[in-house]
Amino acid sequence: MKRVAIAAISLLAVATVAQAELVGKPIPIGIGVAQTSNVALLGEEEVNGAKIAEKYFNDNGGINGTPFKLIFQDTGGDEAGAINSFQNLMNRDKVVGIVGPTLSQQAFSADPIANRAKVPVIGPSNTAKGIPQIGEYVGRVSAPVAVVAPNAVKQALKEHPNIKKVAVLYAQNDAFNTSESGTFQETVKKMGLQIATIQKFQTTDTDFTTQVTAVLGANVDLAIVSGLSADGGNLVKQLRQLGYKGPIIGGNGLNTVNIFPVCGQYCDGILIAQAYSPSADPKNAINNALVKAYRDKYKKDPPQFTAQTFTAVQVFVEALKKVEAATKKKITQMELAKVREELNKQIRVGTYITPLGKISLDHEGEIHQENFYVAKIKMNPDNKTGKYIYVK
Amino acid sequence: MALLELENLSINYGAIQALRKLSLEVHQGEIVTLIGANGAGKSTTLRGISRLLGLKEGKIRFDGKDITSAPPHAVVKMGIAHSPEGRQVLARQSVEDNLLLGAYVRNDKSSIHEDLLRMYRLFPRLRERKDQSAGTLSGGEQQMLAIARALMSRPRLLLLDEPSLGLAPLIVLEIFSIIRALNEAGTTILLVEQNARLAMQHSHRTYLLEAGQISFSGPSKELLQDERVLHAYLGG
Amino acid sequence: MGTAQFIQNFLNGISIGSVYAIFALGYTLVFSILGIINFAHGAVFTLGAYFTYTLTVGQFGINGLLAGLTIDNHLPFYLAIIIGSTLAGLVGVLLERLAFKPLRSRGGDQLLALVSSLGVALVLVNAIQYLVGAEIYTFPAEVYGTMKPAIMFKVGEQPVVIRTVQVIIFAVCMFVLAILGFLISRTRIGKALQAVAENQATASLLGINVDRIILFTFFLSGFLGGMAGTLVGTSFGIAGPYFGVTYGLKGLAVIVLGGLGSIPGAVLGGMVIGLAEAFVPADYSAYKEAVAFAFLFIILLLRPQGLLGRPMIQKV
Amino acid sequence: MEEFLQNSGFLIVTMVQQSLLAMSLYYPLMAGQLSLASPGFYALGGYTAAIIGTHEFFTPLRESIGWLAFPLEWLVAGVLSAILALIVGIPALRLRGIYLALATIAFVEILRVLCLNLTITGGAIGIFDVPQLFESRWSYIWIFGPLLVMMLFFSYRLEKSRTGRAFQAIREDELAADSMGINPTRYKVLAFVIGAVLAGIVGAMSAPFLNTWNARQGTFDASIAYLAYVLIGGSRSIWGPLLGGAMLSALPEVLRPLKDSRLIINGLVLVFASIYMPKGIAGVISRLKRSLTWKSRKNGGEA
């Protein structure tokens, strides 16, 4: 009896290995981002972008007529959660590729696993150095901020030529903000300005009185803030409330409409280094479509993570189309492993016209983005909503 | 009719059975003494009555009402006050606050104050120390405080657990004369005492408790003459 | 450090400290009576802020079950904060009934209360996210009427500044401390509360309904937590469902420093840690986070009962 | 089967890993000490492995000893944890009950802020691209599994030994133990160090397992999670933390199909488990076992 059972199990095992799996229909694409934990604030923006992309691209014919569906697996805020989410997506949900995870730290943990399993991953918000280098199956559509930041400083100098002393503030427990601030500091030095004070905080902080009074005490002409929406917004608000009058540059983490309610009227005038601008290019049709869909549903402009996740889905969709063109076969008639492999190749070929503008992914999977933007925040009279006015 | 009636009371401490089907009665106006060796279940009986301990079986009636499943604070409200064994005063609070907390169940503000003065008359030492925190009192003073505090609720039945424990002989006598006085003023008293002879001399009836059961009972005067009781508990 | 700088740091410290203190008040209250740490306090704090928000603004964001919902009947802020805090108090009552009382009456390990309150925190935080998403919600600036956002004065030539809302929080903190002090040392229920805190069995022998006092304490703790959450929310916005939970850890340092279970201690502890953080030199701001815990560690070694605590009988 | 391991292998190994971390809390508890320091030592161990595995300073060493670098990492992590445990434990273990727990929480937080600020620990990003011992996550069972078996055996021997009895005596009554000639401080520190070394080694094994290491490993949340493992599992036998760690770490994954509400349910389970299983899972099991044997004996008697 026991022997029979073992035989049956091994037969089954052989069978699953031998019988190559086909891609399911609709074609499954995985979204592994933080839907719970305190990272969910970012994850929710990503989920919204993914959902809009799913509807938009399916309405436009899916993958040459075959619909695709997004499968969401929550990563939570930690590394193990990201791995579990990815494992589920790869092995149980049999996705052709994964968009995720939310944090760079999670990416360093989960991406190698997808890479070894030869499942293409596109990071929607992983900006740390070294992400594309994890492996050949790992790419991203979130530009490392080194290229974005200098523009904002230049713009500030253009508007206020007298700037001499600069204060730099950043959230030290956040990977992105730490590295972004490094770039800001280098840029400032290169431009011959003086860094009068460097203040660190945590993304979980709310009270910045000490940092702000240090900035005020240093008598600076420019403050550069690298933080996320809640902490960054509060910091800006407290800077202004306590009497700082000079220009403020916000890092890319402040490029979200989520900061409007936090700093309210005090958001006005912040220069923001942007990897995505909802209003930079009125001729960008796909961005217009995203902005319209988002406005229809949520009554405001899409934040950057929403646009980047939308873009990640778009890259998958267009690359899948290219796979069909290259192999002259329908995706749904191909083996899963083969599709993943081909898909990964095609992701890195050619360019994409996305809400982020024209982008491409190089052989390593790093994004090359044609345009970066600097915007200035203009608050509406209600002091709760506002816009990013594109300045560069 | 009995003021307090215990019927087949059994109480367990974990796996140990502390009381086995104990029955006793206390009548209006009596002083009843409960004597027995250490661990016989005397304090357990009192703690059962004031509902600090859960019952395994049995019934408790007070003034004809079944209080078996009443919570401890309700029992106090019905007129049973329990002055527990040892130093169960609220050490962090002042003597006066301890006394006022004794009257917690009462609403008649003015007469509470009268009673407070009465307690100070009964226990002048407490008056001297009324603003001190109770933890700084001596053992005897704490005992007085515990009794006085119990009296502050104007109980119809007073449960006294070892009022003489650790006190100097003179103070013990003082306390017993107070007990007598209270009883004459109308308070019914159930008394647990190590000092059996003294307790019996001051009480109307006595129950003898052995291994969680009543082994003997009767008017204190008779029991004081009883050979066996004398031998076993009165060291004579 | 000049005088102005010193005064500025001092004010900064007091203003940060008041936030810690106001969080810690309800936290320490439950400890004082049950000798346990209520990990769900941070969640109740958050909930209070959301309640008040719902009553004053009533406009929900784009995520969660209530996405897009708008409530048109708005209450004035002072009324909303009272009702919101009362609701938070009721959540506290529920918390006691569901997570603490069953444990007590079953005589389980006291430490289990940590786990069950942690469970409640998990439920509350995720339920909030389920309903209103992880977005940031903010109170309109007008909740305190038309006041200047900051107060500035000069010491010598140097300006010293403080945010008005911080002054309000500090004032409320002191007011609450005074009211609590009166409530606890002067009223009947306060005396009963102290008796229960000291010895539950003795308290019940005095005719005090221990159960009801514990319930009252949880209500009070929830009420204070909810009010604190709202006030802090008006200052910083409600930064998602984990908003209050992040105070939980530092709150522990605060209440231990002040003396576990001591109400003035919670305020003093908050101020001391706030001041210590404010006086960390700018160059070492990265280590500011560790200051509270360094204090915690040291005070535990030197004086485990805290600054204002009594030497403790082991409770848990 | 292979597919199952592919998919759930990581989770199963995580369950073993979390059981081990729960056990690291159990040893101090054997001697009556409620220490929540394990996440600190876990973090230290992880950083040790990640630094030895990636830092250029150790490149010649790695090249000369090959895969032996891994056991070396475990050893170094264990030794460093022991040293740090002595430094922290000797002053801290004078505290009791919740006070010790709070002091250890403070220790974990101070360590976290330190790791966030040092260059060698990689700041906020941490250390990534940690060299791998195995290809698949599931294979990591070959290091965590034997460690678990070893620790079970060790605990079994410990409980029967003089040291184990000394722990027991201190747990029951420290003063009485002292008067019996047992030096409480010595044994308390010993129990603390055992737990720290275990947590440190688990950390060193986990850095490759998780591919990366950063200051988000080993936090206050972890302290509380491990405490929950031990209490829900049962704090009176080594099986308690083992079961608690395995079950509670698997719970959110088991609940994954519930999507948005999975963590709400997870929280409810914690509440109900603490209320209805006051002696933990191990307690429930031993009660079941007792009532079964009792019943069968009773039935046997009647027959």
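As written, the chain order gives the labels A, B, C and D, with residue 1 at the start of each chain.
The rule is short, and it goes like this: a residue touches a chain if its C-beta (ideal position, glycine included) is under 8 Å from a C-beta of that chain, and two chains touch if they have at least 3 such contacts.
All values derive from a computational prediction rather than experimental measurement.
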Lowest number of touching-chain links that must be crossed from subunit A to subunit D: 1
Identity of the chain that, by mean CA position, is farthest from subunit A: B
Chain whose Cα centroid lies nearest the overall Cα centroid: C
Centre-to-centre distance between subunit D and subunit B (centres being mean Cα positions), rounded to whole Å: 52
Subunit A and subunit C: spacing of chain centres that average the CA atoms, whole Å: 35
Interchain centroid distance [CA atoms averaged], subunit C/subunit D, Å: 31
Approximate Å spacing (C-alpha centroids) for the pair subunit B, subunit C: 43
Residue numbers of subunit A (touch at least two other chains): 36, 172
Residue list for subunit C, restricted to those that touch at least two other chains: 126, 286, 289
Subunit D: positions in contact with at least two other chains: 116-117, 260, 263
In contact (per the touch rule at the top): chain pairs: A-C, A-D, B-C, C-D
Complex contacts: residues of subunit D adjacent to subunit C: 34, 91-92, 94-99, 102-103, 105-107, 109-110, 113-114, 116-117, 220, 224, 227-228, 231-232, 235, 260-261, 263-264, 266-271, 273-275, 278
Residues of subunit C that touch subunit A when the two form their complex: 5, 8-9, 11-12, 15-16, 19, 62-63, 126, 129, 133-138, 140-141, 149-150, 152, 159, 161-163, 166, 232, 235-237, 239-242, 245-246, 277-278, 280, 282, 285-286, 288-289
Residue ranges of subunit B touching subunit C (in the complex, touch as defined): 50, 52, 71-74, 76-77, 81-82, 84, 88-93, 97, 100-102, 104-105, 149-150, 153
Residue ranges of subunit A in contact with subunit C within the complex: 36-38, 40-41, 43-44, 48, 172, 197, 199-202, 204, 206-207, 209-211, 213-214, 216-217, 229-231, 233-234, 238, 240-243, 258, 261-262, 264-265, 297-300, 383-384
Residues of subunit C touching subunit D in the complex: 37, 39, 98-99, 102-103, 106-109, 111-116, 118-127, 130, 249, 252-253, 256, 260, 286-287, 289-290, 293-294, 296-297, 300-301, 304, 314-316
